[in-house]
Structures are given as C-alpha cells and as structure tokens.
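In what comes next, subunit A is part of two complexes: it sits with subunit B in the first one and with subunit C in the second one.
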Partner chain A sequence: MDWLFSFPHMDDASLRDLKKAIDEGFRGFTRAYGDGLEAIFEPLQHFLIWSERFMTQTPWPIILLLIAAVAWFASRNWKIVAGTVVTLLLIGYFDMWDDTMKTVSMIFVCTVLSIVVGIPIGIAMSRSDRVQNIVNPVLDVMQTMPSFVYLIPVVMLLGIGKVPGLIAVVIYAIPPMIRLTNLGIRLVDKDVLEAADAFGSSNWQKLKNVQMPLALPTIMAGTNQTIMMALAMVVIASMIGVQGLGQPVLKAISNQYFTLGIFNGLAIVGIAIIFDRVSQAFGARLQKHREVVHG
Partner chain B sequence: MGNKKIGGFGIEIKKLYKIFGPNGADCVKLVEQGVTKTELNAKHGHVLGLRDINISMPAGGIQVIMGLSGSGKSTLIRHINRLIDPTSGEVVIGDEDVVKMDAVQLREFRRHQTAMVFQKFALLPHRTVLENTLYGLEIQGAPRNRQVDRAMRWIERVGLKGFESKYPNQLSGGMQQRVGLARALANDAPILLMDEAFSALDPLIRVDMQTVLLALQKEIKKTIVFITHDLDEALRLGDRIAILRDGEVVQQGTGQDIVMNPADDYIANFVREVNRSRVINVETVATALNASARELKISVPAGAKLEEAARAMTLAGENEIAVVDAAGQAIGVLTLPQAVDAMVNSQVACSTPNAKKVA
Partner chain C sequence: MKELFASTCLAAAMLTFGNAAQAANCGDVTIASMNWQSAEVLASLDKFILNEGYGCNAEIIQGDTVPTITSMTEKGQPDIAPEGWVDLLPDVVNAGVANGKLVVASTVLTDGAVQGWWMPKYLADAHPDVKTIDDVLKHPELFPDPEDKSKGAIHNGPQGWGGTVVTSQLYKAYGGEAANFTLVDTGSAAGLDGSIAKAYERKEGWVGYYWAPTALLGKYDMVKLDYGVPYDAAEWKRCNTVADCPDPKKNEWPKDTVQTLVTKAFSERAGEDVMGYLNKRAWSNDTVNKLMAWMTDNQASGDDGAKHFLEENEAMWKEWVSPEAAEKIKAAL
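Let's look at the complex of A and B:
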C-alpha cells in the first residue's frame, strides 16, 4: 500500500540524469550561441543606454517640461498635467530623481519594444485562427510562469545586465499588447469591413484604413496594461542588474530599511499613476469618434 | 481600368444558385430536383440562399429586388460584386462574368465598376464626411486634389455642404446615409448597388431620400440595383421589379405588371394596399381613339399615372382626357369613370378567395 501514500515517481537516479541532461544541453547551447545572441541584442543595448543617458543627463527642468508636455498632448487635461508635475517635483525633492528617470527610461524602452513586437504578432493572430490557437497558450505560459523561473535561462544566456532585465520585463509585459491587438482587430464592425471590401480595398488598405484605426482604442488599452505590468516587474528586474527604483527597494528588503522601501515604493506608485492616467486619457480621446452609431 | 460609358452596363444574372454550408455544390442537384428550402435544411443541414435566379437588369435603369426579410435579397445583391461567391451560375456585366474573375480582377472591378450603399450606412467612424466620401477614390489611388474636388462636389449634390468636416456620429441617420450615397457616387462607377439603403430611415426622411435618388438618376443614368422590403418604395423607384421569396424569384416585371397581374396570392397580398393611381399608367386603362376625340380640351402624356390624369380632369372640370404620345399625337382617351374604376377596383386580376379572406 506504499504507492497509495507516496506518489509513484520516476526513480531518483533517472530523474537526476534527466535534469542533468537538460541542464547540460542548455549550457552547451549557451556556450555555443550566447555570444551570438548578445550580438543580436546589441542594438537594444544601445537604445537602452541612449535613452537612460538622455533621461538622467538632461537638466531636470527640461525633462520635467518634456514630460508635462507629453502629458498635455496625450490627455489635454490640466488636472492630469498638474498631478504629473507635482508628483515629479515631490520625487525630486526626496532625492529619487535619478533612479526614477532610470526606471522611466526602462519602461519607455520596454513599451516601445512591446509595441514593435506585439502589434505584428497581434495582427497575425487576428488574421488566422490557427496562429491564434498557437500563440494563445504561449501567452498563457508567459503570464502565469513565475517570473523568477524564466529569469534563469535569460541570465544564463545573456548574463546580468540591462538587456536581460529588459527581455525579462518584456516577456512578462507583452501579452496584453498582443492579446488586445488581436481582439481589437477581430472586433471591428463587420459592416464597415464589408464596405471596405465592396470598394475594392486590398488587405493592406483594409488593415491601414479600417482595422488598425478602429482597433486603436483597444490597442491603447493593451499599451496601458503593458506599462503597468512592466512597472510591476521593476523590483524583480533589479535583481539581475536593472538600475532604477527597484534597487533601493531590494536593498531595503535585505537590510530592513523601512523608510527607504516606502519612499521608493511610493515613487513607483507615483509614476504608475502618471502613466496610467495619461495613457487612459489618450485612449479616451482616441475613442471619441470611433464608435459606430446607427440612425 | 477607367469607366467605359456610364450606364452602358446591364447585369445578366443566369441560373444563379447559392447554398450555404460546407458541401453547397453537392446540394445544387438536389435543389434542381425540387428539394425545398425547409427540406434541405432539415435533411441536409444546408441553407438554401438562392435558387435558379435569372434576372436581366436594364442598363441605366433602376432594378428593384423586393422581398420579405430572409428572402435572400442581401445574398443576391452581394453576388453582383461577389462579396458572396455563388454555388453555381453566372453574373455577366458588360461582357465579363464576375464569377470567373480572379482576386486582382475582382478588386479592379469593385474599384471602378461598382459602388455600394448599405442599410446600416457602414461609414468609417474615425473619418470625417469628406474623408468618407473620398474613400473609394483613395482606394483607386486617384491624385489627392481630384479626390477632394470630386468628393466635395458630391457632398454638395447630396445636400451636405458645410458638414464635410463633421464625423458620422455627429450626424442624423438621414444625413449619414447621404454620406453613404455621396461615397458611392464619388466613385463614378456605372453600377450602383443599394441594399435596403433607406430602410433604416424614418418614413419622411426615406421619401426625401427617394426623391434625391430619382433626381440624381435623371442625370447620372447609372444601372442601379435597389433592394427593399417596402412595396411603395419599390413601385416609386423601380423601372423593373423582381420579387423574391425563399430565395426564388416569384415574379418580375414593371411595377404596373405586378400590381395589375400579381403572379400568386403571396404577391396579391403584397399589392392589395398599394395606391394604384400612382402605379397604373394612363394608356393601360385608356380606350382607343374615336371620332369625338378631337374635341378633348386636355391631355396627358403616355406614361403618366392615373392620379395625374384624374387630377387634371377634376381641375379642368372635364370628364375625358386625351392620352398623347411623345410627339403630341393623341393615341387614346381616358374617361374619369374608367380612371376611378381602375384605381379602386383592385380585384381586376386577383379576385382570389384567399385575398378577400385576409382583408
């Protein structure tokens, strides 16, 4: 009756061998292709460094104005702009300006990358049920797999640093971008699409003139979620060398610095709220004329 | 590419079948052998969309397709620009069979030879009236300034001048459909397809739009296929009318043919409430000329409706009116009693017991 109380499992020796074989295999892969992969991600490294340098080395009043201007053009709402400026001033006053700028830069690059990679995948999914059935489970895994687990292969392949951090964040944050692009395109009014067909639109013209513009508010909602999820990864990413607000938090955890943790945590919350309000207001402005009204 | 002479294209629909379902083609035989729509659905799991449609639509005229909801009107009109592929049959326009076109030919055909107006307008909500109107030209790749010129002209023609930078959701239904009409006309295609284009509008606005369309048609002379479920609309607009039921044409002809000689009870029921004085032509009721005709004081042209003749007689205090041909030559005479009799006596050709029962 032993087997009833202890699950009959693979014998220990084979299991150990299996794990070892996989590990060896992956290590071999890393040795063989690690450098090549790093070369592939080199442009990303440059983009990251450029963006971080811009955010931290430009005089702070200019950055402040720039962010306020972006907030204004996206939201056209004075309250949101005022909230943004006050939050940033407080962050600066409590001496977290540099770390905040590094985090903002990281989120910016991550969002751009998610859009550039996510939208084409979302479009492909919307055009073919087969692609959708393949990609969806992959996205499920990406979202539910604990992020620490996929940090391991990323670090093994690319080491510690900005790029592996960025990739880990993008893996975690890109699924809503892809899903909502797919959804947005699939939800486009069939009647309007039929009209586009009736006038002889090519597939590309349909995508450009009808599907993407009408899906844009949904895609914008995806961008918003991607940004929020990327921010949620900031602390974890700091464990593999991403600089910014995550590192002081990490330090606070290991040394039990209560105030340090709280301040940096609040700064993350502050910029999260800014990103959220601004991108939502932008989404709402896009929405304005896009809903179909009959009679 | 380009428009061959406008209005030069009739549409010949020949032996068209459409059966919805995975093995539609295999079911054509069954349908040809007389399996009904209900049987096909129950026993074979396929939906009979259209059965053996043969319609010859005149170039430069308005062909109305009429039928109740679900009779296959939308399915039929979508075969003309092949938004729906037929199961078998031909749709010949000019000397080309639309069914045989490949993807590229079909796109060119849709861009240059047809334009469509939709029941639910189907405007692009993120584009202004102007940008909606020039959509077809943009797709064709016309130069931008020509797009704008042409679109502005049609916006003005449909009475929307001043609204060109509004968005569709800022307009009423009637105005939105004017945009739909302008968008279709700006394409300058010889064939205009209108699927219940006015059905979503309020009755008064609908009559307005009919007037707009008739006025425009006098000048553009396109081959128009107009779908409706409303007999009054069909009679007012249609040079020819085809009536569809369960995917079959049950009768086709001029409005007058259908009102005077309904093919069966189904159609008789349809036409009973019609205002016959606006449908029946004077020459249909008039009697041949006799010697006294020369003394007639008033006249109407052949092709005029009874209502017009009756009004003329009442106004002039006359009992008789001459019917004259295009050259002004008298070809017949119509008396007031004849006219009134034809107007009120709807049972001339359809005195079926069924029709009376329902009344």
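Let's look at the complex of A and C:
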C-alpha cells in the first residue's frame, strides 16, 4: 500500500541525472553563446548607460525643467506640472535625487522598449486566433514565474547590472501592453470595420486609421499599467545590481532602517504618480484631439 | 521563527534523549546539525562514524548556532555541536567552559572560516605578480567593469551583510576609487554567485567579496588576496567594521574560529575513544569546499555527502579513529 501514500515518482537517480543534464546543458550554452548574446545586447546597454548618464550628470535644474516641460506638453494642465515639480523638489531635498534619476532613466527605457515590442505583438495577436492561442500562455508564464527563477540564468548569460535588470523588468511589465493592445483592437465595432471595408480600405489603412485610433483608450491603459508594473519591479531589479531607488530599499529591509525604507518607498510612489498622471492626461488629450478631427 | 522551530526541536530531543544514555560506552548521542551545508555534512559524518565505528546510537537534531549552544550550556543537550561558530557568541562559550558545562574539542575547520577578497585561480596563474589587494588595484584592466570598460570593478556583497560593510571600508582604505575601480553592489547572494559563475564559465576577470567554506568555492577555484598588512584588532573594531567611519585603514580580515563543542556530561560518559575522535577530527576548507561542490552538483543530502567523503578520503579519516573503529566503518561502507 506504500504507493498509495507516497506519490509514485521518478526514481531519485534518474531525476538527479535529468537535473544535472539540464544544468550542464545550460552551462555549456553559456560558455558557447554567452559572448555572442552579450554582443547582441551591447547597443541596449549603451543606450541604458547613456540615458543614465544624461539623467544624473546634467545639472539638476535643467532636468527638473525638462521633466516639467514634458509634463506640460503631455498634459497641458498646470496642476499636474506643479505637482510634478513639487514632488521632485521634495525627493531632491531628502537626498534621493541621484537614485531617483537612475530609476526614472531605467523605467523610461523599459517602458519605451515594452511599447515598441508590445504593440506589434498585440496587433499580431488581434489578427490571428492562432497567434493569440500561442502568445497567451507565454504571457501567463511571464507574469507568474517567480523572477529569480529566470534571473539567475540571465545573470549567468549577461552578468549582473542594467541589461539583466531591464530584461527582468520588461518580462514582467510587457504583458499588460500586449494583452490590452490585443483586446482594444478586438473590441473595435464590427460595423465600423465593415464601413471601412465598404470604402475600400486596405488592411494597413484599416489598422492605422480605424482600429488603432478606436483602440487607443485601451492601449493607453496598457501603457499606464506597464509603467506601474515596471516601477513595482525596481526592488527586484536592484537585487541583481541595478542601481536606483531599489538599493536603499533593500538596505533598509536588511538593516531594519524604517525611515530609509519609507523615504525611498515614497519616492518610488511619487514618481509612479507623476508617470501615471502625465501619461493619463496625455492619453485623454490624444483622444480629445481625435474626436475633434472626426467630429 | 527559525529559532523558535530550532528550540522546539531541541526541547523535543531533550525529552526523548535527556534521561537515556547512561549505558556503557557512548549510548544515545544527539548531534546538532545546523541549517547550512558544511555543518549538515559534518553532523552526518559524526553520526555515521559514531554509529558504525563506536556502536553509539547517534541522532541528528536540527538547530541554529545561538539556540543550540545556549541549550548546551543551560540544559546539557544536545551532546555535540560539530560546527560551533564560537566567535559569534564568545560570552556564552567562555562562560560554559568556565562553569564546567562545555568542553571544546577539535578546531574542526583548521583554516577557520575565511572571508575576504577573492579572484579566480586561472587569473592568478596567468598573472603571478597579482597577489595582494594593492596588486589588484594596480590592474583595473584585468577586472573590467561591465558597464564601463575603462574601469575596474570590485564586486561587493548585498546590503545588510557584515562582509559588505567591511568590503566598502577596505575599498576606501586601499584607495579603490583613486585606482580607477568602482565598487559594484551585486544586490543579493544570488547576484553575487551569478556574477562569479558567469565570469568563471567564460574565464573573465573577477574580484570581490566571498567566504569559505562554501560550495561555490569548491566548484570554482578561487584565490584569496593578501592584505599586505598584519591584523590590527583595535582598528578593525574602531573603523573597518563600522559603516559610517570616515577614515578606515588597511587591515587584514580576521578568521572566525569554528570548533566542535561537546557537553561536559557527554565528554565524561563517552569514553576516551569517542573523545579522541572528536578531538582529532578536523578538515581544511579546501576539503569541505570540494565536498560541498560535489553535494551541490549531485543535489546530495548530508548523509550522501558523508558517505562520499568516507569513500574518497580514507587516508584522512583513518587518522581520526582507532584502528578497530576504522575496520568497522570500512565494513559498513
């Protein structure tokens, strides 16, 4: 009756051999292709380093003005601009400017990358059920797999630092972008598409002039979620050597420095709110603009 | 929580074994296994040798350093702590020895537990002139920072470790910044291990904080750097271990003493043979590193590790035990 109470499992020796074989295989892969893969990611790393240097080495008043200007052009709302400036001044006053700029630079690159990669995948998913059936489980894995499970192999391949951090953040942050692009396009009214067909639109025209504009509110929600999830990954990314606000948070956790933890945690919340309000306002303005054209 | 669990285990073990074991020879013995690999395999080894070689009835119980040693001085249980990090609680150990509750047996890790700055062996072989921290700081090109190839990188441990603070202070003391080196925060134990594994698999330059005995150092051969100065205990306490201290000086990283602790009661009833074994049994970090690397590679338990050690290192353990016991152990394998 023994088999009833302990689940019949693969015998220990073969299980160990299997694990060893996979580990060895991965190590062999690292040795053989690690350098090549690193070379592929080199431009990305340069971009990340350049972006961080720009944010940290430019005099702070210029960066502050720049961020305020971006906030103004995106939102055209002086309240949002004032809130942004005050938040940044407070962050700077509490001596978190450098770390915050490093985090902003990282989040910015991650968000751009997620949008650039995510939207085409979302479009492809919306056009074919087969693609959707393949991509959906992949997205499930990306969202639920504990980060450290794939971070250690990534560190073995690319070393510690910005690029593995970027990969970790993008893996976690890109699914809402893809899912909501897909959903937005699929939710476009069939009658509208029929009308576009009747006017003789090509597929590209339909996508560019009908589906994307109508899906825009959903896509903007996706962008917003992507930014928020990227910020949530800041602390995890700092566990593989990404600099920024995550490191003081880790330090605070391991030393029980409550104040340090709360300050840096609030700084993360602060920039999250800035990113959120500015991108929301931009999205809203974008749609208003479209309505005027159609109206 | 872990400590609570450990003390619960201890309490349970005491109920079970506390009153037994007045029999001739050694009878029932409790051996404390700690929750890290080297202590686990050592406890398994002691259990195997005592059971097979000396006819004891040894049992392993789980514990952690502080609750185990405290319980040994207060309650006289468990009987043996094979890997006691006595520097962690010198007061308890000294008081225990003074009051006749504890007996210190062998210094089981002959090299002590070593922390410091390490570099890969292949690099040391290729550049035999690089031996000390000062030598390393002369060659930033050998240890390139992945994010800025013009600089060298020293890999630090994660925030919150004692070793991380010391590494930062040594970086200051040896003038790392002036030597064009950056201090890389690896963020976590996994990040630190990963950076070593990556460098090693591709034979790249690496220098940074690590410690022995560990499975990683068994798998990847590393060389510890010299400090170029003798150990200065007062300076060490004043500045090298204090995170905010502004003017650290060059200093050597002291070793932690790791000894086998035995309760006085057990040492009296166990007999000369058993105590002779416990007084002699000791191994170098190199041996432990290799053994742990084998265990990690084979995902082996402490018992498997102990058996593997006994099979592979007969010459070493024969020195520790009496000839009759050696025969019995050999037969049991």
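Observations on the structure shown:
Throughout what follows, the second predicted complex is superposed on the first by the 286 of 295 C-alpha atoms of A that agree within 3 Å, B and C clash if a C-alpha of one lies under 4 Å from a C-alpha of the other, contacts with A are read in each partner's own complex, and residues count from 1 in each chain.
The definition used in the following text is that contacts are C-beta pairs under 8 Å (C-beta built on N, C-alpha and C of every residue); 3 or more make two chains touch, one makes a residue touch a chain.
Remember, predicted model here, so these are calculated numbers, not experimental data.
With both structures placed on the common chain, the touch criterion links A:G34 to subunit C but leaves subunit B unconnected. A count of residues in subunit A touched by subunit B and by subunit C gives the higher number to C. In the superposition on chain A, A:D129 makes contact with neither subunit B nor subunit C. Contact with neither subunit B nor subunit C is seen for A:D140 once the two complexes are overlaid on the shared chain.
Look at A:K251: by the touch rule set out above, it reaches subunit C but stays clear of subunit B. When the two complexes are overlaid on their common chain A, residue A:E42 makes contact with neither subunit B nor subunit C. For subunit C in complex with subunit A, the touching residues are 146-148, 158-161, 184-188, 190-191, 194-195, 197-199, 201-202, 297-299.
Here subunit A touches subunit B in the complex through residues 189, 191-192, 194-202, 205, 209-210, 213-214, 289-295, going by the rule given at the top. Subunit A makes touch with subunit C in their complex at residues 16, 19-20, 27, 30-31, 34-35, 45, 49, 148, 151-152, 155-162, 238-243, 246-247, 250-251, 253-255. Subunit B contributes residues 81, 83, 106-112, 114-116, 118, 120-126, 135-136, 138-140, 167-169, 172-173, 176, 187, 193, 200-201 to its touches with subunit A in the complex.
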